[in-house]
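Scrolling down, you'll hit the structures one after another.
After this come two complexes, each holding chain A, first together with chain B and then together with chain C.
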Partner chain A sequence: MSYSVDISVEAPIENQIQEITYDGTEIYQPPLTISESLAKYAQKIDFSRVSDVDVKKEESNEDSKSDADSKDAFQSSLWPWDGVRNKLRSALQEVCVLADVLAIAKEKRYLVLDPVQQEPLETKPMVQIYARKKALAGNYICNSLTFLKLCIVGAANVLLAGAEKLKTSQNEAARNRTTMDFHIELLRLRQNWRLKKVSNTIIGDLSYRTAGSKYLQTGTFEVTKAEEEEKSSSPPSSPLPGGPAPVKPNSALRVSIPSELQGVAYIEVLCQKDQEDLCSANINLLGSGPPATNPDMHWQQKLEAAQNVLFCKELFNQLAKEAVQLQAPIPHMVVGNQIMATVLPGIQLIIGLCHSTTGDKKQQNPAPSKSDHDHVLEHSLHQLLREVHHKNTHIPFPHPATGPLGPSKKRMIAGPMAADRYELLEMTKTETLLEQIVKQAQHFIMRMRTEYVLDTIAKEIRDPLISSHWNTLNSPTQSCVKINISTHGYDAVCRTPLVIHVGEKSLKCICRDGKVMNMSYEPQELRDLIMCHINQHQILAVQALAKTMGWQALGNSNHLGTGSVEPLGNASSCLLSSPTGDRIIAVRCEPQAGTQVSVAHSPRSDFFPSRLVTERKWEHLGGQFRDVRLDKMEGRNFLHKMELLMASLTSNS
Partner chain B sequence: MTSPGSAMDSLSAALKCNIIPNQEYLLQGSVLDQYVEVLLHRLRGLCDNVDSGPESFHDHELCFTLRATNSSGAPMVLPLRVRRALDVSDAPFQLRYVGQQELGDKNRPTVVRSSIDMACSSTIVDFLTELGCRLDFEYIARGPGEGVEPISQSYLVELSVLAPSGQDAIGEDMRVFAEQLRPLVQLEKIDYKRLGSMM
Partner chain C sequence: MSIPRSLPQSKEALLKSYRTRLKDDVKSMLENFEEIVKLSKGEHDTQLSRMTQCEQDTYEMHVRAANIVRAGESLMKLVSDIKQYLILNDFPSVNEAITQNSKLFRTKQAECDQKLMSLRDDMAADLYDLEEEYYSSINK
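Right, the complex of A and B next:
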């Protein structure tokens, strides 16, 4: 675009004011003579640099000026203003370009002005160059250009200074990594805990309310910035005794926990035999607290500890309420922060809440009961409460979708299936936490007792081997053990399996023949049962062995009516005869006294015809049974001895 | 053996205590098929059952009407709905009566209408037919997922709460929840009368 601009070139008319008199008249400096002004301008010219700029300028203006130069070259001597005219023309071009650039830059669609660091230094010589170039033409135009440029430069400087400040502050923060940035810490806190901003303060919630808890105690904590002075004064008052204080990264934020949630708490469960003196149990539990809480603890640990305290409090509160409301045969007792429930006659379950708030350093003597406390039951308690929470939040979805939300599937079918009043009432009954944990404790005791009985029997009795296999899968209230009674070396001959289901207060035994025996919690009953089965096993094993040896079982009886009355169970017996029939073995097994074996010869060796029995043939009736002294016999166990006996009595004929 | 009289007494006592949910608060909206995933994602963030995820349902609803003329000669129409779950075979059928929209104050944030539903066995269809009800229409509702025969290219979104009468704070809570879903789906109360006059 070409504008036609009228340029008036004139020297500034105004002369500098030299002096203003008191009556207002201004005395001007006398204007410079031509020679003086020429000298002045000449001084401004830097002859060392003018030549470079001239070359550049000529390159850019080559097209426009080449003709003019060639034409005007020989005329330059004739017209003294020619150079001035050329320079003015180039100046006009520059100004037009600059005006275009500024117009485009103002629009900000195709061109944006950004400050570049080197530029402010470069513009100055440019300003000088321009000033020099326009020296002859006058300073007016270049002043406006320089003014514009100076303004842009000033703006750029301001922006750069601001950016520098931000950069230096960030570098400082990066260097001082020991003090974490408050905002980064807050971000981390927010990733783990629920936070909310209420007017000026940041409040957090560490309760289980959103997970389904209905406990009324609030778990709100407050987050504040850690003070600067605290950091410097913490090393002298560090609670860590001796040694070099570890360089702990002090966090930039501080959490304030309500006083009732401070400290560390846990639930302790003990199963113990009846104690005459209940007070001793109290002292044992309350005194044994965990190590002191460090006030310099990181906020994560503090919050987790407080959440645990709240959870334990809720759990204990729930258990205590149930202990008071439930009506057990032997009532439960709640004393202070302990609940005592009777699990089995003579065995009590003690649940205590241990909460240590003070930071006392002295080591407590570990109470002797501390080693007994049952971690499994404690974990169970935690799980039970979490299950209650879970049920509160996870409601079964109704099918179809427009059905009422809330009732369980059973309740939904109760209507169409015509459930009666009794069934509905049964549906409403739920087991309390205390009942559930008492059941688990009962089962635990039963299992221990069963194990003890089986192990004792297995140790005492070597003749039939008693091996027990406990199922790997079991529930907190039911376990199963499979017992095998077998004789060493004769496993394939005879084996007696038994299955015992251990419940909460009873045992159920399924015997070899399919009979089911229900036993109570007394361990003696189980012992008696197993002894009876051992007894039966021996007789069955002897018969099975006889079959393999070729001997014949003449008869057997599981509950023998002859002989003395047994204190435990019944004696059993069997009669075996050799392949040729000339020997008879009688075996009698008693649960308490062991086994007795007698042998008889079929044709009597001591037959003498008497007045009553005269004929010879009566010698085949069988002779007297003579006892075998099993203890003097060779053989690892009873069956082995029997095998040897049978082998020795088998005749070759 | 309790007499039927005492059963009625307990029922009326229950009604008086205001524990039977007999009112439905309803907001409805729709969302295009292509944005359903985004909506589900949003709901997963807002709702509590993050671990189990959204429950799918596949229901078949039959709408019956019982026509009668009352003493003054005006025809009366009683609409009844029977809904069954096609995916869960042992769930009982639901018989539902939905009343007209309650004309309360205009500022109420949700549609409020009386709604009584009860579980029943599968013989309900025969029973209603014997009573004289006629099957008006039926439809299959499925979500989230592909429908048997989609009617349109969008999903119907319903937010409904069954509560005993008088708990109007629920409407406010529902409106706040609907605000959270705002740009994706506009849940608002539909004026059924205008809808009826449009057809």
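Right, the complex of A and C next:
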């Protein structure tokens, strides 16, 4: 025991070093005050263990006085412990109350617990309760729990309403499959048209600018979502008379087109001769489309109609510009929506732009007689502008990256190929649309005139058959007709073929013998030419026939100098002698007077010596010609008659 | 909360705005829901009278619920916007559609050309016969 050493355990006197400055001085932490050190120690206490002990203690002496536990439980009633104790006590109280409530509820004698219904229908009684509670608010009867419930139910209602809205819209979309989904429609639209988004709107472009058009007018349209009201109101609005599908699904998408592109437009081409229509063509890319103003129209049709309007406008604009610029011998006129150009003397080409925004088809419908218009002119105008567009986008290659755009490939190689001035000038010449269409119109009229002349001649002249065959291979400014002059039943004996090339302002005829005749646009010239050829054919046919009959052609002349002067061409003639040489037939064909046939006998069958002709031998020189009255003769046609005549004369000898 | 969509011009910014919108909306939903749950605890130590407090809670809950709904609808709008953006800017698919269309029209054109050619040949042959017949007949 004496060795026992007292060990004092105490905190070091030195305080903890807080900081050491650069000069070596140490800054100490200030010593803890009493309250701080108490708090520090209090932190080290394990409350869970302590409280457990407390609770057990309190449960064990439940009946003891409240004053006692405050003294017994804690030897020293320090302030920091007080809060802990209070919390514990209140917790104990709550647990006790809960235990009581559970006990009462379990016995079910005084209180029954019902599950609260989950349906939103509950809201109504709740609202009533809420109202009642509100009325009694002065008495502070209302329970905060009820109110909380009400609050939550109200919030739930808002949420449910929102969800309901979404659900109904979903159902709506699912139920009527007829109305397409906006986005699907938009996708379809996007696949066919150019669209872009500008701020909040979707803008589309229907102009031909990407296809090479340089027209300034923009073809923008706006895409919007179709409104619900429109959908509901659209079904009663008129199904078109004869409209094919009134059951078509309503589109969820609407396109709005600028007013200047609405409606129906077409270009009318008229060939006029002294205020009388020769032909007319209506250009309308869509043919007879439905009236454009119908709001029910599908967007595709609507956009196509608008594009058509734009196209027609561009075409007309281009034509009008050219009409003003071109230096024609007879200046073209541009008045309002009409361009007038003189095609041939006395014949005007009128190109008009018709654009109706009202959609009244009735007033535009021309007289039914006009309806058989020429689709070719219609189509070619269309084609011409397309070609211009195509040229604008398809620049000939190879093209140097630094080279200017535009010159043709031919001009590119003009330098290497050492083209001369004339060739270069030729290259720079380009035809405008108007020139081209005027040429086509000229050709059209030339063709019509040629057809008319050929048909009338064929009708007038029965004897040699004049048949014409139009070539199927032709171009807009060139066509070709083959004419065959033959006699019925004698096709093999002789036929006269002619080929006529119909150009823009002239005709070129290639005759049987290879001669080329150039004619102007006057139809009379062609008529005269064919008449001449008919005469020649008759003479040639007679000679050919004579050959087969054994007769001899003594001579022929296509341009006979004798006889009365013909108003056009010359008479042609031929002389034929019978195999024995005692009969001579003379044929004379005149374009105007027709054919004359004379017959001479030598020697005459009866001879009476006279004072001038004393001997019979002189009769062999040939006698007088006597006219044959062909119209009294038998035979279907001239050659037939001639055959009979020759046959009869041959047999007589 | 919703970002004005006129601002972003470049696509990058637009896509970013879509992302932020998505996050904001989802966050707003969550926050509002949490707030509602917190409110429903019902313990408030305030100086307001109980009645006023209840009314305030009610209105707050309503507004928060409405906020959730709004965020949901905003999400729907976002979906629709993204769809629209995809449709309008999906150039590969548009190109594909164009190629397909042009192929279709080319085949159609070839078909039409062929039909027209055969029709023309038939008509030319028939026309020749008819012309022959017409011009050699008596009734012209």
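Just so we're on the same page, the second predicted complex is superposed on the first by the 404 of 653 C-alpha atoms of A that agree within 3 Å, B and C clash if a C-alpha of one lies under 4 Å from a C-alpha of the other, contacts with A are read in each partner's own complex, and residues count from 1 in each chain.
We take it that contacts are C-beta pairs under 8 Å (C-beta built on N, C-alpha and C of every residue); 3 or more make two chains touch, one makes a residue touch a chain.
Bear in mind that the values here come from a model prediction, so they are computed numbers and not experimental data.
S.K.: Kindly classify A:T402 by the partners it touches after superposition: chain B alone (first), chain C alone (second), both, or neither?
M.R.: After superposition on chain A, A:T402 lies in contact with chain B alone.
S.K.: Applying the document's definition of touch, where does A:I152 land relative to chain B and chain C: first, second, both, or neither?
M.R.: In the superposition, A:I152 contacts chain C only.
S.K.: Is A:G415 in contact with chain B, with chain C, with both, or with neither (first, second, both, neither)?
M.R.: In the superposition, A:G415 touches chain B alone.
S.K.: Of the two partners chain B and chain C, which one touches more residues belonging to chain A?
M.R.: C
S.K.: Answer with first, second, both or neither: which of chain B and chain C does A:H394 touch in the superposed model?
M.R.: first
S.K.: A:T472 in the overlay: touching chain B, chain C, both, or neither? Say first, second, both or neither.
M.R.: A:T472: touches chain C, not chain B.
S.K.: One more residue to check, A:A42. First (chain B), second (chain C), both or neither?
M.R.: The answer is neither, since A:A42 touches no partner chain.
S.K.: Answer with first, second, both or neither: which of chain B and chain C does A:I7 touch in the superposed model?
M.R.: neither
S.K.: Which bits of chain A are touching chain B when the two form their complex?
M.R.: Answer in residue numbers: 210, 393-394, 397-405, 409, 412-413, 415-417, 421.
S.K.: Which of the residues in chain C end up touching chain A in this complex?
M.R.: Residue list for chain C touching chain A: 5-6, 36, 39-40, 42, 50-51, 54, 57-58, 61-62, 64-66, 68-69, 72-73, 76, 80, 83-85, 87-88, 94, 97-98, 101, 120, 123-124, 127-128, 131-132, 134-136, 138, 140.
S.K.: In their complex, what parts of chain A are in touch with chain C?
M.R.: 137, 140, 142, 144-145, 147-148, 150-152, 154-159, 161-163, 166, 182-183, 186-187, 190-192, 195-197, 199-200, 202, 455, 458-459, 462, 465-470, 472, 488
S.K.: Can you name the residues of chain B that touch chain A in the complex?
M.R.: Where chain B meets chain A, its residues are 2, 21, 48-49, 52, 55, 57, 59, 61, 83-85, 87-88, 90-94, 96, 117-121, 141, 143, 160, 162.
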